[in-house]
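Both of the next two complexes hold subunit A, though its partner changes from subunit B to subunit C.
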Partner chain A sequence: MVLFDHVWKFNLLDVDLHIPKGTVLGVIGSSGSGKTTFLRLASGLLEPYSGHIRICGKDPVRSRKEISEEISVLFANVPVYSDKSTVMEGLLETKSIYGLSDEEFDKNLEHVSEMLSFRSMYGSKPKTLSLGQKRRAELGMAFLRNVSLYIFDEPCIGLDQNGKEAFKKLVYEKKEEGATLLVSSHDMEEIAGIADRILVLDEGKVFFYGSVEELHKRLIPMEVCTVEYSGRCPDISDIEIEKLTIEKNVMKIWYNSNHVSSGEVLERICETTTVESINVRRTGLGEIIKTAEAGRK
Partner chain B sequence: MKISPYMAFAKKSFLQKSAYRLEHWMGILNTLIRLVIYVEIYRALYGGRETVDGITMSMVTTNFILSLGLESFFVVNDYYLSSRLYDGSIATEMLLPVSFHGRMLADNLGTAAFKLIFHFVPAMIVACLFIGIQAPAGPVMFGLFILSALLGYGVLWSISFLFQMFSFWLMNVWAVMTIKNVFINVLSGSMIPLWFMPGFMRTLIGFTPFESIYFTPVQIYLGKITGSEIILGFAKQIIWIVALLLLGFMVWQKGQKKIVVQGG
Partner chain C sequence: MKSDTLHLSAVYTKMIFRSWFQYRVDAILRSFAVFAREATSIIVVYFTLLKFDSLNGWNIYEMLFLFSLVYVTYGILIIFFTGLRDFGSTVKNGSFDRYILRPRGLLYQLIFANADWFAAVGHGGLGILLFLLSAAKIGVVWTPWRIVYYIFSIIGGVLIQGAIFLFLASLNIYLLETNSLKEVFYWNARKFEGYPISIFHKAIQFCMTFVVPFAFVNYFPAQFILRKEDMSLYPGIFMYLTPVLGIVMYILAYAFWRYSIKFYKSSGN
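Up next, the complex of A and B:
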C-alpha cells in the first residue's frame, strides 16, 4: 500500500519500509524526529531527495491529482476550512470537489458528526470555534470520504477525552473497512492504543518499525506486577527479577517478560502468601522509548 | 475536467460577496465618486471647448464610464495564492483533485458575476442618467465591445496570475501588486485616456498588455478603430492572454517544485 524505498529527505535518513493495506501505523518520535516530513512525503506534498515512494503503486508527487481521490489528509496547523466559510459550506465544497452523491454525503456526515459531536458547529465559521471544536470539525471533514489511505498528523491536539475516544473508534471503523491509516502523535500511549504497527523515528532514522508486541519484546520487555498480600511476605528469591519494592503489604516486582512469564511470577506469589489483589502492567510505550533513547545516548 | 466543482466555487464566492452589503454599497459609491472626479477634471481641462485634438468631451466621459464600469466588476484577487502560502492551506489545495488555477478563476468569476449585476449595472444607470454616455458606434460594434471586454478581463486576470507567482519567493507581495496596479491604472486608459498620451508613449504602451484591458474595448465601442484595427486589437488581446498564462504556468511549475523540494 505505502512503500518507502531508501528515502532521504531533510532530516529523514534512508527510510526503507512497507506498510501493508489495512494497517494502522502509529508514527512516533520526539520533536524534529521527522514525523511530519514522513507524512508529507507519503501524501505527495514533498518529493524525496533520493529513493522512491509508492502509494498504491503510484508516485504520490507525479500522480498527486490521481491519488488525491484515494487519500484523505489532516495536517497539524494546515487549515482545511476557509475562514470566510461556515463548516457546512466547507463540507459541501468537499462534496462537490469529490463528486459525492447526496446519499453518501448525508450518510457519512450523519455518522461522523454524531461520533465527533460537531453538528452544532455547522453554521459556525472556523475562527469562532475553540481549538477542540475546530479539530472535531476538521476530523469530520477528513473522515467524510471513504478512501483507502488516511493520513493524520497530530490529530488529537486540542481534543478532550471524548474526542480522542471518538477518533479511535473512527480509526477502528476505517481499518475494519480495509483502509490504511498513518497517524503521528507525541502521545505514545494514545498511539499504542490504536496502532497495529509502530514507526519510531529518532533524529530522522528509523529506530523501530514493527508491531507493538515486537516493540515491547525487542526494546524493553519489562512488566510490573503489584501484589497486595495479607499473609507473610511472598518468597520469590528463585525468580529472576530486575527490581523489587515492598511498602506495607504491597510488593512491586519488575521483571523481564523474555526471561520470566507473568504466570510464573503469579504462581510463585500465590504459593507463598495470601493474595488480596494483584495487577500486572506492561511498561508504557512512552517509558520504553524514553528508556531506549536514554540507553542509546 | 469536471465542471461542477468549479460552478460550485463560483456560486460560493457569488453568495459570499452578497453577505458584505456595506462593502458593496461603498464600492458603488467609490466608482461614482471617481467617475465624477475624473470627468470634472477633464471638463475643467477642456475649458468649455467641445474638442481637443479631435477627442470630444463626450468621448472622454464615455471612456471613463466604460473603463470604471468594467473595472468595477473585473475582479481579480491578487492575494489568492499568497494568502494560501502564508497560512499553509496551499498544502490542502495541492491535494485536491481540481485545478488550483481553475478554482482561482471560478472564485474570481463568481465575485465578478455578483459585481456585474449589483455594482456595474446600478453604477452604469446612475452614470448614464446623470453624466451621460455616448451611444455605441452600432449594434455590431457593441457586440464586438462585449467580446473585447471579456478578453480584456482575460488579460487582466493573466497579469494578476503571473504577478501572484512572486508569492513563492516573496514573504509579502503587496509592493509588487501595488506597482502592477499603478501600471494598470495609468497605462490601461482608465485614469488617463490614452488618446492624450504623447506619440512615443502610445507606441510604447502598444507593446504592453495594459491597453488591451480597457482601452481596446472602449475604442471599439466608440468606433475609433474599425476593420483590420479591430482584428489587430483582438489578436493582441489573445496573444497577451496566451503569453502571460504560459509564462505564469512556467513560473507556477517552478514555485510548485520549490514547495515539494524545499517544503515551502
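Up next, the complex of A and C:
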C-alpha cells in the first residue's frame, strides 16, 4: 500500500519500508526525528531527494490528482478549512471537490459528526472555535470521505478524553473497512493503543519498524509483576529477575520476558505463598523508547 | 465519481455571495469604501488637471479614459487573480498545501476560492463610471471594430497584469518575502499608469513599455481609439499588441509557475 524505497529527504536518511494494506501505523519519535517529513512525503506534499515512494503503486507527486482522491490527510500546519467559510461551507466544498453523492455525504457526515460531536459547529467559522472544537471539526472533515489511506500528523492535540476515544473508534472502523492509517504522535502510549505496527524514527533514521509485540521483545522486554500475598514471603530465588522490592506484603518483581515468562513467575509465587491479588504490567512504550534511546546514546 | 468543475466554481461563487447577503451592509460598505478611496484619488487628479488645458496633447476626458481602462481591467483582474496577488500569505498559512492535497488544478483553486467580488465592484464600478463620463466626450465613433478591439484590449490588459501577479507569485516560492518586489514592480509602476507615458522621462517610458508593460494596458489601446500625436514616438504596431502580449506574457508566466511548483515540492515551503 505504502512503499518507501531508500528515501532520502531533509533529515530523513535512507528510509526503506513497506506498509501493507489495512495497517494502522504509529509513527513516533522525538521532535525533529522526521515524523512530519515522513508523512508529508507519503501524502505527496514533498518529493524525495533520492529513492522512490509509491502509494497504491503510484508516485504521489507525479500522480497528485489521482492519489489525492485515494487519501485523506490532517496535518497540524495545513488548515483544513478556509478562514472565510463556515464549517458546513468547508464540508460542502469538499463534497463538491471530491464529487461525493448527496447520499454518501449525508450518511458519512451524520456518522462522523455524531462520533466527534461537532454538529453544533456547522455554522461557525473555524477561527471562532476553541482548539479542541476546531480539531473535532477537522477530524470530521478528514473522516468524511471513504478512502484507502488516512494520514494524521499529531491528530489528538487539543482533544479531550472523549475526543481521543472517538478518534480511536473511527480509526478502528476505517481499519475494519480495509483502509490503511498512518498516525504520528508524540504520545507513545496513545499510539500503542491504536497501532498494530510502529515506526520509531530517531534523528531521521528508522530506529524500529515492526509490530508492537516485536518492539517489546526486541527493545526492552521488561514486565512488572505486583503480588499482594498473605502468609510467608514468596520464594523466587531460582528465577532470573532484574529487580525486586517488598513493601509490607506487596512484592514487585521486574523481569525480562525473553528470559522468563509471566506464567512461570506466577506459578512459582503461587507454589510458595497465598496470593491475595496479582497484576502483571508491561513497561510502557514511552518508557521503552526512552530507555532504548538513552542506552544507545 | 466524476467531479464537476462548473459545479465547484458555482459552490465557490455561492459561498462568496452567501456571505454577501449574510452581511449585506458590510459588503456594500466594503465595495463603497474601495470605490470612494479610488474615486478620491481621481478627484484630486481631476482638479489638478483642470489647471491645464492639456497634458502633452491629452485633455482631461482623454485622461479619464486612460484611468477608466486601469480600473476596468483591475476590477476584472481581482475577480480572477486575487489568489495570486495574496499568494505569499496563502503559502505562509499552509493553505497552499491544502490545495496541493486536492484533486484539482492549483491555479483553478487559487482563482476561484479567492475571488474578491466586493473590491471588484468598487474598482470595476469606478472604471465603468469613468468610461461613461469620458467616452461621450472624447469624440470617438464607436464602430463595431473599435468595440471588438476595446474588449480584446481589456482582456489583454487583464492578462498582462495577471501575468505579473503570476510571475510574482512564482517568485514567492523561491523568496521568503516578495511584498517589496510587488510594491516596486506593480503598485509603484501602476502610479504612472493613469497618465500618457509620453510625459515621462525616457527611462520610465522604457520601463512602462518593456519591463512592466503597463503602457499596453491602457496607453497603447487608448491610442488605437484616440490616435493622439504623441503616438509618433512609438512604433505604430504597439497599438495592436495588447491582446497578443497579454496571451504571450501569461503563457510565459504560467510556464515559470509550473517550473516553480516542482521546486516547491522538492524544497517544502
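Miscellaneous remarks
We take it that the second predicted complex is superposed on the first by the 297 of 297 C-alpha atoms of A that agree within 3 Å, B and C clash if a C-alpha of one lies under 4 Å from a C-alpha of the other, contacts with A are read in each partner's own complex, and residues count from 1 in each chain.
The definition used in the following text is that a contact is a pair of C-beta atoms (placed from the backbone, for glycine too) under 8 Å apart; a residue touches a chain by one contact, two chains touch by 3 or more.
Source: prediction; values computed, not measured.
On the superposed subunit A, the positions of subunit B and subunit C overlap enough to count as a clash. When the two complexes are overlaid on their common chain A, residue A:Glu69 makes contact with subunit B and with subunit C alike. By the document's definition of touching, neither partner reaches A:Ser257: not subunit B, not subunit C. By the touch criterion stated above, A:Leu46 is placed in contact with subunit B and with subunit C alike.
In the superposition on chain A, A:Thr283 contacts neither subunit B nor subunit C. When both complexes are overlaid on chain A, the residue A:Leu100 reaches subunit C alone and has no touch with subunit B. By the touch criterion stated above, A:Ser117 is placed in contact with neither subunit B nor subunit C. On subunit A, the patch touched by subunit B and the patch touched by subunit C overlap at residues 10, 40, 43-47, 61, 64-66, 68-69, 71, 73, 75, 77-80, 82, 84-85, 89, 92-93, 96-99. Subunit A makes touch with subunit C in their complex at residues 10, 40, 43-47, 49, 61, 64-66, 68-69, 71, 73, 75, 77-80, 82, 84-85, 89, 92-93, 96-101. Subunit C contributes residues 1-4, 7-8, 11-12, 15, 18-19, 93-95, 97-98, 100-104, 113, 262, 265-266, 268 to its touches with subunit A in the complex.
Within the complex formed with subunit B, the residues of subunit A that make contact are 10, 37, 40, 43-47, 61, 64-66, 68-69, 71, 73, 75, 77-80, 82, 84-85, 89, 92-93, 96-99.
Taken in their complex, subunit B has these residues touching subunit A: 2, 4-5, 8-9, 12, 16, 87-89, 91-92, 94-98, 259-261, 263.
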